[in-house]
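First subunit A sits with subunit B, and in the next complex the same chain sits with subunit C.
Entry: the complex of A and B
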């Protein structure tokens, strides 16, 4: 295990380094930054849905909570390091409570979807209605529909005047995504990750084997929320404003579509799905002939019909079929079957 | 007298007006083999579910090795060292046979020990050829055997099997019988079963359920010779 982990670690780092230097030649770093942030958001749902079997319709809620937590803390503190921690912790705590309520209440999957959806809507409605001067947290006015502008953006830890923006912000986002990706990889290789995949496959069997599936699902749910919140914190820095639109249903639906298109049950799939579709949306946004959401919907339908497993598994299979040598190929299949971990 | 590992006192389970389990008093000694039989709707599965924590009994108590475990969650009961196999093969289909058994071993052992334990169970159940195959693609009998492996990997002192022989070939059943006999060196076994031939082949004490209550408890040969049991099975006195 450890040898293959080292190999994967080195491979990931080499590919990531190459991409980090090559990508800015094709797309400007401002756009790339948001693609990376969306990639991280996609990965957060990819982790809990693809590996934990928890379909959350409200991943945008954690993203939005992370962004708001960052903005509110940044206004109050005036430095970015601790607010970024808040962006991770606040959604994680929130998800811990919500998850405990849902999983210990033994809610079936459908109700889980409904509740996460409704929670997103409630947050959207609530934040939207906080325009009045009464809604203040410390020095930060929640601002209702207008959101919170003008907070301290990312700076070098400890010195609030050294802002990290432009190209530097892109590199920060890239490194952050790679770190999160490696953490997710490590988590999935650990016993906790393997048990999580067992729970995804058969919840009752795992509890009859002596695992407390409720606690484990709650923890995994919170980890997913922490990653989404981190992405939200970075998003706040990118956009330099947070608005209630972050909690919208459209945003939540998009994250699910990223995962389906990219490939569920893989780590790369949701990242590529997110970045790819977000970039497509960006390009389509420059024309006014066809509505953007129509295209996204069409893509979803086409994928569900013709490529239901998503891009990454399809490409991996194609690669194995055309270039993979047989013995090596079969070994790879074995590893996938063992851990259910690929892509 | 041997240690009592499983005991129920006046175990009753009601679903609305239906009494699925009616005042069941049941005792099982360490390393004893017991079969539960009875016609459909006799309350075997309800009893099984109450004991494994899948259902909370309306009345009465369940004791395991002297601890009152009434109302415990399934994972708490399993954590005591109780191996459970449900009626339909309940396995992780998307994972390999090895991973399935490993997950069970990992519950009580560290990673290295779990790896050893899994290898041991895999060869004991002669699953070597299919250890790395995705479980969903295997035959029914093989999946049943993997589930038995899951039960064994936890080194239980009490094993509860719900219809282990269902849908298996004669050859598979024979192997299953042998495995169960080996298991009795370390654990007590309760088997819920319909297949009388299978029960005869493992020849043990049988508890007959009828309309939620225990009808009789005796050796399999005497139970099968009993006219009341025959009537119950054929539905004459029901």
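Entry: the complex of A and C
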């Protein structure tokens, strides 16, 4: 295990390093930063859905919570290191509670979808209604649908006046994504990750083998939320404002689409799906002939119908078919990724 | 006293509108185990069809009660043939595909009608109870939803079509073995479900300003009402609409309309935690 792990680590680092220096020649770093942040958000759902079999309709809730946690903490503290920790911890705690409530109640299937969707809506409605001066956390006014503008953005830890922005922020985002990606890789290679995949395949069998599937699912759910929250914290820094739109159903839908299009049960798929579709949306936003939502919807329908595995596994299969050397584990990945919910 | 009457009317109206917006989804989910996340957009389309028809001179009641359900039903039929037919038995995939459809319809509506609010005026004047003004249209909605429930009950219980539908709902393989093509039954069911969504959207159109994204406001409520209702179609629909309608209105009146919505959603979460099979998974078992 250690040897293949080392090999993959080195490969990932080399590819990442090359991309980090080459990408800014094609796209400006401001756009690239948001693509990376969305990539991380896609990865968070890709982890819990593709590898844990938990379809969460409310991944945007954790993203939004992370962004709000960062903004509120940054207004109160006036620097960015501790707020970024809050952006990770608050969604993780929230997901821990929500997950415990759902998984210990043995909720699965469509009910999981309903509850995560409803919780997202509750947050959306609640934050939207906090326009009045009564809603204050410390020095931060929640601001309702106007959101929270004007908080301290990312700075060098320890010196609040050295802001990290522009190109520097892009490099921070890239490194953050690579670190998260490697952590996810490590997690999936650990016994925890393997058991999680076992639970995805067959919950009952794993619990009969003596694993506490409820606790494991709750922890995995919380890890996914932590990653989404981290992405939210970075997003707050990118946009320099947080608004209730982060919690919206449309945002949740997009995350799910990224995962489907990129490929479930892969780590790279959701990242590429997120970055690719977000960039496509950015390009489409510059024309007014065809409505953006229409194309997003069409992509989702067509993928579910014709390419339910997503692009990355399809390309991997094509690669394997044309160059003969079939990778050892190509079949394992997606076949039942969504099966956990089909009951 | 007057206030009590007004509150009562409002609660009845809340329950009736929940029944109305959930009926189409309930039929499709109850019969086919398909969650149609484009349900809200079918309602939105129903609203637009009504407004277009009224603006071109059709009587508003004909537009609402006949044209809108027919048009939306046909759209549903096309959708079923093109997309959903291929995904039966794959609950999550149908959810995702219909979510894609919902975005698609939002996009189409935005391109045709533009991202502006349109509306028609209510055809029934308001009147006052004591010192309070009541919207007369609310009574119309209550009547429509009562007729709707009675209609669904009648079709399911007393007609041959209803018998076949119920049979296919319980054991589709057995119904198929007896010579009833489940493909056609599903097609019909989806048509009826879409038509009901269109009807709901049309009837609610005079009350709300319509924008292409209006559907999103309905889908969550319809979704929780249907899932919390559980396996029985009519009993589940009535039970969960009643519960959520009362909870929502009580909190709307005592705190604020936003808290009413939030309370309704929280009630749904608690209910599903306690009764994961929905209300009729535990009570009223075996009813329609």
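One rule holds in what follows: the second predicted complex is superposed on the first by the 323 of 343 C-alpha atoms of A that agree within 3 Å, B and C clash if a C-alpha of one lies under 4 Å from a C-alpha of the other, contacts with A are read in each partner's own complex, and residues count from 1 in each chain.
We take it that a residue touches a chain if its C-beta (ideal position, glycine included) is under 8 Å from a C-beta of that chain, and two chains touch if they have at least 3 such contacts.
Please read these numbers as outputs of a predicted model, since none were measured by experiment.
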Partner chain(s) touched by A:126 [first = subunit B, second = subunit C, both, neither]: second
Contact breadth on subunit A, by residue count: subunit C or subunit B: C
Contacts of A:198 with subunit B and subunit C, given as first, second, both or neither: first
First (subunit B), second (subunit C), both or neither touched by A:245: neither
Which superposed partner A:210 touches (first subunit B, second subunit C, both, neither): first
Which superposed partner A:256 touches (first subunit B, second subunit C, both, neither): second
Footprint overlap on subunit A, comparing subunit B with subunit C: 338
Residues of subunit C that touch subunit A when the two form their complex: 35, 83, 86-87, 89-93, 95-97, 99-108, 110-111, 216, 220, 223-224, 227, 256, 258-259, 261-262, 265-266, 268-269, 272-273, 276
Partner subunit B, residues of subunit A touching it in the complex: 191, 194-195, 197-198, 200-202, 204-213, 334, 337-340
Contact set on subunit B toward subunit A in their complex: 52, 54, 73-75, 78-79, 84, 86, 90-96, 98-100, 102-104, 106-108, 111, 132-134, 150, 154
Contact footprint of subunit C on subunit A as seen in their complex: 55, 101-102, 105-107, 109-111, 113-115, 117-119, 121-122, 125-126, 128-129, 249-250, 253, 256-257, 260, 290-301, 304-305, 308, 338, 341-343
